[in-house]
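As written, the chain order gives the labels A, B, C and D, with residue 1 at the start of each chain.
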Amino acid sequence: MEATGPLSDEGLVQLLDVDGTRVADPDWEPYAAHLTPDALRLAWRLMTITRAFDAEATSLQRQGELGLWVSCLGQEAAQIGSGTAVREPDYVFPSYREHGVALTRDIDLPQMLTLFRGLEHGSWDPVAHSFHLYTLVIGAHSLHATGYAMAMDRDGLVASGSPDKDGAVICYFGDGATSQGDVNEALVFASVNNAPIVFFVQNNQFAISEPTTRQSRVPLAQRADGFGIPRVRVDGNDVIAVHAVTQWALRHARAGQGPVLIEAFTYRMASHTTSDDATRYRTRADEEKWRQRDPIERLKKHLDALGELPQEFRDAVTAETKALGKRTRETVKSWERPALLTMFDHVYAEPHQQVESERAWFDRYQQSFLDEGSHA
Amino acid sequence: MEATGPLSDEGLVQLLDVDGTRVADPDWEPYAAHLTPDALRLAWRLMTITRAFDAEATSLQRQGELGLWVSCLGQEAAQIGSGTAVREPDYVFPSYREHGVALTRDIDLPQMLTLFRGLEHGSWDPVAHSFHLYTLVIGAHSLHATGYAMAMDRDGLVASGSPDKDGAVICYFGDGATSQGDVNEALVFASVNNAPIVFFVQNNQFAISEPTTRQSRVPLAQRADGFGIPRVRVDGNDVIAVHAVTQWALRHARAGQGPVLIEAFTYRMASHTTSDDATRYRTRADEEKWRQRDPIERLKKHLDALGELPQEFRDAVTAETKALGKRTRETVKSWERPALLTMFDHVYAEPHQQVESERAWFDRYQQSFLDEGSHA
Amino acid sequence: MTDTHHRAPAVTERESAVKTMTMAGAINAGLRAAMERDPKVLLMGEDIGQLGGVFRVTDGLHKDFGGDRVMDTPLAESGIVGTAIGMAMRGYTSVIEIQFDGFIFPAFNQITTQLAKMHYRSGGRLTLPLVIRVPFAGGIGAVEHHSESIEALFAHTAGLRICSPATPQDAFDMIQQSIASPDPVMFLEPKARYWDKGDVDTDAVRTRLDAAAATADIGRARVARPGTDVTVIAYGPTVRTALQAADVASGEGTSVEVVDLRSVSPLDIPTVVRSAKRTGRVVVVHEAPTAHGVGAELAARIGEEAFFHLKAPVLRVGGFHTPYPAAKFEHDYLPSLDRVLDAVDRVMTH
Amino acid sequence: MTDTHHRAPAVTERESAVKTMTMAGAINAGLRAAMERDPKVLLMGEDIGQLGGVFRVTDGLHKDFGGDRVMDTPLAESGIVGTAIGMAMRGYTSVIEIQFDGFIFPAFNQITTQLAKMHYRSGGRLTLPLVIRVPFAGGIGAVEHHSESIEALFAHTAGLRICSPATPQDAFDMIQQSIASPDPVMFLEPKARYWDKGDVDTDAVRTRLDAAAATADIGRARVARPGTDVTVIAYGPTVRTALQAADVASGEGTSVEVVDLRSVSPLDIPTVVRSAKRTGRVVVVHEAPTAHGVGAELAARIGEEAFFHLKAPVLRVGGFHTPYPAAKFEHDYLPSLDRVLDAVDRVMTH
């Protein structure tokens, strides 16, 4: 692997090393200074809940209760670190793996599984949570995010004079997504419109089976240079550093200084999805190496060293995750499929002849079985 | 206009200044050293022919003999400078304005007008001239060019050990095209495959009416940085500098060192096409300013100062352009529309039932008029 | 209101609202009216600002509304549609101009997988009231990719509405109603008809601009000329040809009813079927290739719903299964008056 | 040739070439055969290398042919098709895998304006023998964009061939013939049928791999089951349903002929019309929404060419005019055995 390739760890901002020791970095320190032990405990708690929920969903899929699950195992620091830097006026555009970020936006995690159980294509109310729906077509949402940011600017929510009210967009996508035309067009539109948007690339080193070297020959953060957009490369398993750089980037965007690109260098510890089998394309040794860099463990070590992770807190979190697991199982299993006719709802906002006539036909067709039944 | 914007002339390689005086540049000199007075006269001749042909085509369009003409007025240095750096084993992918480059590939210029007269969508034999057809969908050909380069590499035509036999692709597109997803995907594919390709951006400062500032906030050459591709920004009205940087870039690519991006900073002196009216969106003053930087005038001054543009040579070129003009007019006016049934040819390489039955129907339909006629 | 004795009589008032306009002018006026009505209506596209668009349909709007509301975008169709979707999520109704039909394809993914499906995906929580204006179809002697008929490629996808005006009046009304509709609308402008003139009542539409009325109106066909022997169905650029054919046929004793479809999604099947049942003979005329074109769906639906009324097969007159040919061929490629009359003759033999 | 007395009898030889395969296995074997035959055949796509593709259709090929011939590409469908076009210009036949139907749309522009038209644009000078493999249609309980039926969106565009196998035998033969065809071919693989097994004669196709024979063969429909009362036309994933319907109907005294279309472009109209004329009743079954689907074109053509033989309207059974719904609804969204039988009953009432 060449030193400057997309899988090198060159130039990564780091504030917490692999052993959980704080690294001094005067440039980024100011953006982490507010992280009290309370805040760090919150981060640890959110990361732990994310992981527990992820495990529960994986197991529900194995039991046939979900059609698919997309694990975020290993990416908790990238997601919680950035998600906790998001504020009320901001708006988040996830890809489809950002369950940790969803948690920071107060999405009820079990509720998110309607999508994965095959009950609907969306799940939550995006507007209520300032958290857009998952988008499965790689990169497509990066343009929506950019347009949304342009509209925020237009609405006077950027550089308004009262920084507390300013907002920005943060848009998540993966290393693979950086190859899509749409993502590059998003960089063009964001740049020429100086849109208040942070592009947050989670480089988890794989697009399904393909290593990031199939998408780029230089670190992905560098992509921003081509569009005149400032960028940061951060250790994606270091929740403190991720939080700090995201803080900075969002402030930059909210202040009207335009887009930023962050590359969080991390590792997808699970297979791509429950349909995938990572052993076909990567080694146990590689996986093991990254297990050593587990983002939750790292923060735990840090808090432990500070004596800031008391047993009661751990126990409370354990109880919380257990309760969540139970509620998740029960919720998922309780769902009935909505009435078949709802399949025709919300195709259009106003009635459409074709849909209406097909709905009516289908209704009659279903009725005919009932009628037959009643005559039998 | 900000100093580092896409319309600044910062960082342009220049070997001939606006007054026609040679500029010393030890880095690029080696790639221009072979340009003897003979070679420069050839460049002047080709530029002059290009311009004369362009004027002839414009006037044929005004007379209604062509449906459309796309002028390259003002871009002759960018095109002849780069086109003369192309060698036999190379392959050229133009956009639709590269009539000067076509000339360097021995395309018979009048013949190229079948397209603009509405007789066919292509015109020349791309393989015979190593010069692909014009592509009107902006940026689409950049991917074809990249694939072609990947195939040249595969065929052992790159870094073969005998540099004379090595080839590369050069792909032309405009400033506007850099915003297209396809062009950015071409940069991705070229970069990760280390393809032997030179992306040659003619930044003529406009995409129809839109100034380059609508496409980028930094100089376009910089786009390459995001993909780990080396780049050069060159004075596109300086035929010597354009030739030198293209020489270098093609050698780089042919030697297996991968893609290069060149931005030639120039000016579209005419309207976008004969359908356009540039006075709606730019000032006479701007046009006048650029007329002062006319690429042909600049080389002429240089040759004059050297005493290397004798009257006989000028006269010969004048005669040549006159003859070409006459031949162009005559050729264009001599063309008949091919038989209507040819409209059904070459839709597929092998027969296709739908086409065959429609062709047969149309034939009968046409015959029916003839029959009616004969009965009348 | 207070000054009632100064009000002109109603009839004069209405008359004063009728102006002669080209179709391009009518669209321009309709856009202007929509922008005046709602500050959240924006125009986006390539060269629509100072230039006024390559067909000048947005002429003067940049000057009057400024660059923030009439935005020259980067040259990237996917980017235009994609960012407009994002802006729609904050309540902006973008009216996009795609410069030519043949250049809509880079945006195909955004239109098909995102724009069309977002309302459904969100369970009705998000609406995307976008309009995509496309100068479409041929007949102007253009180079490749400038004469495409794209309607069938979008009509198959649920979530989009597709309409096409054939007269300045419809152009004026329907562009405003498309903007008022909460669903995404593809507004196909028959570019060869841009300079055709007609009377436009600029008042009539005003009361039909609420979401429900607007959406219903742009989905409705219109009998452009009543007749009894043959129904000729057309839309956009071919309506004029159909009317000419009706004229000629009437001279030969055949009474042709012309249905101007106006809407491709939805198809106004009740109107079409009513006419088909009455005449028993149908010819569909569009510029798009007949194979897998809108005429196929019409033929299938008419077959399903008027089978026992049909005296002859439904015939289609349209483009061929070839790329749109070079300009010198287009006159013969396109459904000409002669070819429509030929089809009318053929159905009349039954 | 010299050792003639050692040759096994012909019948045994043929029998020995018959193997039981899944459809996925048959395509894999077909790809392998094509790659062995011609070193200029390449595979391109996302995750087709070490992983063997998400459906494992290219399993083992990366190992045996190496990364230069089984190329994992960047995640960019337009880039894949676009670069494959460039490679085709130097004589390489790329067989592209689009990971799922719903992800073909970023490549729509390259396919529609470039791949389909290059041969025409160049006056026949350039041929682009590309194959685009697409696991398509639904029935596997997947999330959004993984169950789309895209055929009608490409069939309208001249320059493309589109085919879809319904059996392992056809899958094995047709993938090789698609590769042998000089025209670009979209090869639609009914993903729900990947694991269905069938006998495959691996020898038969060998003599039909020249350009003309291969192209003709992949354009031909097949009568999958003869019958006399009703013709049911299906292709890809719905052929199995059609055959099941024929079984059930035969138990109820109705003789159903099943036509497996195999090709969507061209449509084998002679075969279809022959059957329609014989039975006088036609039902078309596809997963794609019926509106503006392939069934519309079939209904129109059958109407044009068999009008006076038809006893009932041509009926279509297919998806609805909605986005492909969430997985729990797909069983009812898709044309089920019941819905096909319902349509058969309806045409039989005439």
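In this section, contacts are C-beta pairs under 8 Å (C-beta built on N, C-alpha and C of every residue); 3 or more make two chains touch, one makes a residue touch a chain.
Going by UniProt, the chains are A, B = 2-oxoisovalerate dehydrogenase subunit alpha; C, D = Alpha-ketoacid dehydrogenase subunit beta.
This one's a predicted model, so the numbers in the text were calculated from it and none came from an experiment.
Colleague: Write down the chain pair with more C-beta contact pairs when B-D is set against B-C.
Modeller: Here the pair linked by more C-beta pairs in contact is B-D.
Colleague: Just grab the chain with the largest centre-to-centre distance to chain A, centres being mean Cα coordinates.
Modeller: Most distant chain from chain A: B.
Colleague: Between chain B and chain D, tell me the centre distance in angstrom, where each centre is the average of that chain's C-alpha atoms.
Modeller: Those two chain centres are 41 Å apart.
Colleague: Could you state the distance in Å from the CA-based centre of chain C to that of chain D?
Modeller: Here chain C and chain D have centroids separated by 34 Å.
Colleague: Approximately how many whole Å separate the CA-defined centres of chain A and chain B?
Modeller: Measuring from centre to centre gives 44 Å for this pair.
Colleague: Got the chain A residues that touch at least 2 other chains?
Modeller: In chain A, the residues touching two or more other chains are 120-121, 137, 179-182, 185, 188, 192, 214-215, 347, 352, 354-355.
Colleague: Could you say which residues in chain C touch two or more other chains, in rising order?
Modeller: 73-74, 76, 78-79, 102, 105-106, 109, 113, 117, 120-121, 144-145, 158-159, 291, 320-323, in rising order.
Colleague: Note which residues of chain A are touching chain B in the complex, please.
Modeller: Residues 4, 178-182, 184-185, 188, 191-192, 194, 213-218, 222-228 of chain A touch chain B in their complex.
Colleague: Under the stated contact criterion, what part of chain A meets chain C in this complex?
Modeller: 120-122, 125-127, 132-133, 135, 137, 140, 142-152, 154-155, 181-182, 185-186, 188-189, 192, 345-355, 357
Colleague: Residue numbers of chain C touching chain B in their complex, please.
Modeller: Going through chain C, the ones touching chain B are 46-47, 49-52, 54, 72-76, 78-79, 102-103, 105-106, 141-145, 291, 320-323, 325-329, 332-333, 338-339, 342.
Colleague: Using the touch definition from the top, list the residues of chain D that touch chain B in their complex.
Modeller: 68, 73-74, 76, 78-79, 81-92, 106, 109-110, 113-114, 117, 119-127, 158-159, 161, 181-183, 211-212, 215-216, 219, 265-270
Colleague: Looking at the complex, which residues from chain C come into contact with chain D?
Modeller: Contacts found on chain C: 102, 105-106, 108-109, 112-113, 116-117, 120-121, 144-145, 152-153, 155-159, 288-289, 291-297, 299-300, 303-305, 307, 310, 312-316, 320-323.
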